[in-house]
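So, here come the structures, one by one.
First subunit A sits with subunit B, and in the next complex the same chain sits with subunit C.
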Partner chain A sequence: MSTKLSSITKKKTSEKKFTPRIVVFACNWCSYAGADNAGVSRIQYSPNFRIIRTMCSGRVTPGMVLKAFKLGADGVLVSGCHLGDCHYIFGNHRAIENFERTQAIIKTLGLEEGRLRLEWVSAAEGPRFGQLIDEFVGEVTKLGPSPLNNSNRRK
Partner chain B sequence: MMDAGRHPNIRLLTNSELVGLEGEAGDFKAQVRRHPRYVSEELCTGCGVCGRNCPVEVLSEFDAGVGKRKAVYVPFPQAVPNIYILDKENCTECGICVEKCPRDAIDLDDPGKDLELKVGSVIVATGFEVFDPTVVKAYGFGLYDNVVTSMQMERLLNASGPTQGHILRPSDGKVPRKIGFVQCVGTRGEAGLQYCSRFCCMNSIKDCMLVKQHAPEIEELKIFYIDIRAAGKGFEEFYQRSLEMPELTYIRGRPSKILEDPQTKDLVVQVEDGEAGKINDFQLDMVVLSSGAVANKTNQKLAEILGIEREETGFFTSGEETGSPLESTKEGIYLCGCASGINDISDSVAQGSGAAAAAEKHLAKLRIEEKKEEIPELDVSGPPRIGVFVCHCGINIAGVLDIDALKKYAETLPDVVFVRDSLFLCSDDGQRRLQDMIKKKKLNRVVAAACTPRTHEPIFRESCARIGLNPYLFEMVNVRDQCSWVHTEEPQEATEKAKDLIRMGVAKARLLEPLYKQSIKIDRKVLVIGGGISGMRAALDLDAQGFQVTLIEKEGKLGGSLNDIHRIYPQDLSASELVETMMQKIKNSKIEVLTEIEITDIKGFIGNFEVFTSKGGLKVGTIVLAIGGELYEPEGDFGYGKFKNVITNLDLERMIRDNQGDIIIDGEKPTTVAFIQCVGSRDLEKNPACSRFCCPTTIKQALELKKRGTNVVVFHRDMRTVGTRAEEHYRKAREMGVRFLKYSPEMKPQVVGEGKASGVELLEPALNRNLTLPVDAVVLACGMIPNEVETGRLQGILKVPRGADGFFMERHAKLGPVETTVEGVFVCGTAQGPKDISDSIAQGSAAAAKVATFICRDTIELEPTTSIVDADMCRGCGKCVRVCEFLAPKLVEKSPGIFVAEINQALCKGCGTCASWCPTGAITAKHFTDRQVESMIETFLTEAV
Partner chain C sequence: MDTTTAYLKKNRVFNCLECGKCTAVCPISRFNGTYSPRRFASRGIFYGSGDIGKDNLLWSCLTCKQCSLVCPANVNYSEFMRDARVEARAMGFSGNPSHSGALHYIMEMTASPDLKQQRTGWITEDLKTCKEGEILFFVGCLPYYQDFFSKDLDFSPIDIAKDSIKILNHLGIVPVVLEDERCCGHDFYWSGDLENFMKLAELNLKEFEKAGVKTIVTACPEGALTLKKLYPEQFGAVSYSVLHLSELIAENLDKFKLNEIKSRITFQDPCRLGRYLDIYEAPRKVMSAIPGAQFREMQRSGKKAVCCGTSAWTNCDSYSKQIQSWRLKEAKGVGADILVTACPKCQIHFRCANKNEENGKNIDIEIQDLVSLFASALA
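What follows is the complex of A and B.
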């Protein structure tokens, strides 16, 4: 099924330049601060993502990620503090467990693994945040539109 | 830093200098010179227009000279306050910045300001400087491009540094394949500094790991060292992990010279191999000099102003001699961090808290209970009436985003009844208008599209609260730091993104609910468990601040392991005198001391603990764990137990304590005594940790024996005499003829003999055969292990986690050394990990300071953004209990066999992790509810602009 879908998406991309829509969950203490730091350092990077702030990466439920995919997100990035730096000590370990659960589900759904990522960005890593977004946008662009990305947009 | 900047009781005076101090403890007058910043702190928003337009570029001090900055600049990315400063020395006064500044914040004629402050005490935390390695001519720093300092390497490795975290060698910008680290540059006898700079070994090991992470193509990493001093909690384990890196080799020896190939700029490091008696050359692309720490140059002037003394090394003289390491030589002035010597981060943090506790002694009388004015709450019932405020932030937002388009778009969003833009929403004027409009338009939700909630949400929430709008009905949309600033070249896409973000913010705002801070009454009494030096210090500091303390000790008398110790080195202080002085102080205080007592159970939580003991119950609000550690029992190691003349360091210490004359071991005065280091420590099977105190202890004991005419040989792996004094004693011991022989863990020395130990056998690498050194007695330097019975029991009762080393685990290795994950429970001294007496005392004071922050009021206010359980939906599976490390959720039996989770609001930190694991959706993470987050996802993906 996924090969069929990807041939459709390939056709689509050739028709119109594809700009992916990506949801980024960023924890308040490190990653969201890292994204702010990118701003303070005036790092320029791709605008094709929207950040949703949560207090901890451990707060992001599989349901939230799946909802994003269901509604047509082309990629989802969950980001938190580096291991050992979590404001809540072990929240990011829980995020790993949540991520693994979610990754298993999206594979079953036939979505490419590369559409969901878990990354650690510290408050001082603005440049890395920018780089990460560019990289992820690039990868998702290569994958093309999500097979679930179609009729959900109410124009 | 940001916490300090935002704290209502902390006033930050940056770019300022103390120029005079009069008066005495409790009543000082401090003269402070505020140097001109030339940029108004009140007006500057940190927008950066001035810096971008400034034509002057100079080397950045923060980037250790490897990067550049403008003449008007923010000193470093996370500076507090995050505003600009003008460097008059390099400024050409062209006036461009003055003209461009949208808020007229720059004044090139700023005269600065003089202030007089009334203060009760003074804390000196002036830090250190890095030794200038140009002095060591043989290493060519300043001449060879590719010889850098560890500080410069630090900037190269930093993602926000001048190379964005890429390691590029300065001469050609290429990625180096072979990097060498030279340890002890400027320290341990070189260039006049006798002491050891303590943290550089760990720093180089860390750098090697980071280099490997950033540049996996690295081929060779070399550390040239004398001793690897991984002395600190978890440090030895870290060092052991580094040994698994195939690229990293440790080479023992201090390089004599570094040479440069003038064409390729490659380097050659020459090191003498003492064992083989030849000089080895190492070809490297880049060399990092681990420059030691030196006292701040300004210490001299500051010492004169404060009227306190300094050491020969330039560091301030502390009361270490009298068991008060945080006191200066003048009452009311305290020292912490590297002001009084060299400390690593966690010790500096502990000392900082400890100094605060000491400083509070003079302020206790001045403590005020803040009063709150009651503001009538606005009625927010009925459907949402949302106001959207779009900030221009000068041209920071408006210069990129189409503000009019954003406003028009916002008006179309559901429940939005009012939209307005503002040049600077955070200015007094901007906030006043925001408040006026909330009242006039009867807004019950507010969305601000502006900068980042991390800095400005508290400000806007406060504005809302002041006029009675529940502050949790405010939502912030980040269209500056995460939009206009990072998509400057794509204004159209940026505007589209901002529209989405505003729509998402409005979607969440529609679902916001008023939240209320709860306050709980707390018991202000404190329980200190353990009457050793650390516990005594904590109790005394709390008592001095007027708090009620109960100090309990399981033995019959206070003092803990100090009772076994003769003299404390390197301070050369009598242990019994120190214990005596402290006990006297405790006698004269209001501290309740209970000895020969055992804790049987503790129930409750922060503010409300109920403690059950063998001598009755007591109620306290906070608990300090100061139960200490134990020495390793070397049964069976190195002939201990088999030969009577093999004793432990503790046995010897007792002998020295009780005996001014000759030391008699197994019936005779020994001519030669061998010490064996790292017994029951740095041992991968028994205890991988380094116990930190044993090397200095051995030096002390060796000197005691030497004084009594006994020859001493020390078998060691690395002599870890870190810091400003211990290293000097190590030198003295060598000068007095104590011999030091290095052994490796694979080739441990063997104690041989019949009936009694008569020699120590060790492989001599140069001869490649075993040599036996005749000895009359052997002393085993036993490491420290946790007190298994007590630590285990308290872990069971209080749920304070223990680390892999078995000691109580602190909340954060660097930033929270005396806090635990259990709210209201603190840890100090050797219960947290092996450490020496000074560090134990400092931690005792630190724990006292942390306790005081809780009990200075009789209630604590709880953040309302916690998680709660809907009992009707909970099926009692207990998942939340398992995922929470703060012990907030608990299963409660509601009716026979029916369990329901309850979250203790005093313990919940609001991370929301439990909510993400709850299978039935019974848990709500307030302010970040599933509905709120999902509404943002939905509106982003389904309602495209």
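What follows is the complex of A and C.
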């Protein structure tokens, strides 16, 4: 887990234009399959994100999201099954609780609320997944680099 | 001399007589038979840091200093654990952080100089604060605890800060509250992460200087210890003095008019306030000044007080819970309705344990911060 996350957020090139690096947590049963669906259907969308598969969106603790931000992620998207569809019944309700807590912390830390998002994507919603990523990438690009993103720091 | 030998020497571990008194009083050993400070001391001597560094139990010590008080050889056990953790970190170990490390990540993020926190949103209009001046109220982690714990534990940690300001205002003090105060670094220090501790300390010291601070008041014993003792240890003399709010209230008791609070109360001495800072009298004075409140002492109180069971947000486990339940039952046993503590973390830990069910019932005792109790009595 730790090596995975840090390799995602590590600096790759010394690009001039800001291209956000986004971490996506997707649940195994719906959202990850939704992302697969987008790929299988050859939908074209922004490549600025790295996806981490979790068994359920309820598994994504505030600690995991905060770690991504600590390592310099410009945005984090947590994605699960639609309400009522969670394969562990109440997992995504837990995800909402966790999300609200993390959102509050992010705000206190002085990061913009828009850097963290919670979405529901089903296995059949490939196109929607692509659209969502495009939208989020656009939003985070507007916000600019996270103050914790060292590779984008201009001094 | 290699580093292990150096820190064993510095903390007088070689003097250990293997008497086992430390293990006899250690709250962790009481419930977790596999943990023994005596054994750790001998293992340090015989096998060095490699052996103890690999052991996950190294992170279970609460650094509560209970053992050092009874040690006939004057072994500085908690500092020994801290030094061993610095070494263990260098070997790539870091214990089991609780809450998937969330609190550690928050603390680490606040060590980034580019961050502009939004941590003063709780200051309502009735609370008078300022940006520059001689007296500073150090808020500590309360805004983050508010975000993280308030829903699960049905209480509002930030109220401790609000009540503190209320009390200060009552004394005619309009304290500085820093827009960009950082975590004090206490937990990094005790879990052996000196790098982050130093970063935070430097940022804080700069802010204190900028605001022209001469006196720092805080409601958090860990913050008080860190600012008062640990910063000067690392940076030499500092230009401010530090008071725990209970000391300030105790000195000025004649300036308050108090309403009656009819209840029986007892007090949990936080280890940093008691055994580390030697403040035992002030909180008791504050509590006995409240009319109607009957103060009852627990058997293990003052110097002998039992720690709240977890420290530095690491290795919180079933043994921690057992320590906490044991302590809550002790408080209930003296007939107290309210267990008063002077540390936000003690309250968080006890509130969590208070939800535990044993035989289908929870212990169910009210837990309150000293500052909030006092503020609620203000006429």
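Keep this in mind: the second predicted complex is superposed on the first by the 135 of 155 C-alpha atoms of A that agree within 3 Å, B and C clash if a C-alpha of one lies under 4 Å from a C-alpha of the other, contacts with A are read in each partner's own complex, and residues count from 1 in each chain.
In the analysis below, a residue touches a chain if its C-beta (ideal position, glycine included) is under 8 Å from a C-beta of that chain, and two chains touch if they have at least 3 such contacts.
What you are looking at is a predicted structure, and each value in this text was computed from that prediction instead of being measured.
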item	value
Subunit B versus subunit C as contact partner of A:Ala123, first or second or both or neither	first
Superposition-derived comparison: subunit B or subunit C, residues of subunit A touched	B
First (subunit B), second (subunit C), both or neither touched by A:Ile52	first
First (subunit B), second (subunit C), both or neither touched by A:Ser79	neither
First (subunit B), second (subunit C), both or neither touched by A:Thr141	neither
Touching partner for A:Ile105 - first (subunit B), second (subunit C), both, neither	second
Partner chain(s) touched by A:Arg42 [first = subunit B, second = subunit C, both, neither]	first
Touched partner set for A:Met64, first subunit B, second subunit C, both or neither	both
Contacts of A:Tyr88 with subunit B and subunit C, given as first, second, both or neither	first
Touched partner set for A:Ser31, first subunit B, second subunit C, both or neither	neither
Contact residues of subunit A, present in both the subunit B and the subunit C interface	61, 63-64, 67, 153
Subunit A-touching residues of subunit B, taken from the complex the two chains share	46, 48, 74, 77-78, 82, 158-160, 164-165, 452-454, 478, 480-483, 485-490, 493-494, 496-497, 500-501, 504, 811, 813, 821, 865, 883, 885-886, 909-913, 915-917, 925, 928, 930, 933-934, 936-938, 940-944
Interfacial residue positions of subunit A with respect to subunit C in the complex	61-64, 66-67, 69-70, 97, 100-101, 104-105, 107-110, 147-148, 153
Subunit B partner contacts - residues on subunit A that touch it in the complex	21, 23, 28, 32-33, 35-45, 47-48, 50-56, 58-61, 63-64, 67-68, 71-73, 84, 87-91, 94, 98, 122-128, 130-131, 152-155
Subunit C residues within the subunit A interface of the complex	97, 99-102, 105-106, 108-110, 112, 114-119, 121, 143-144, 146-148, 151
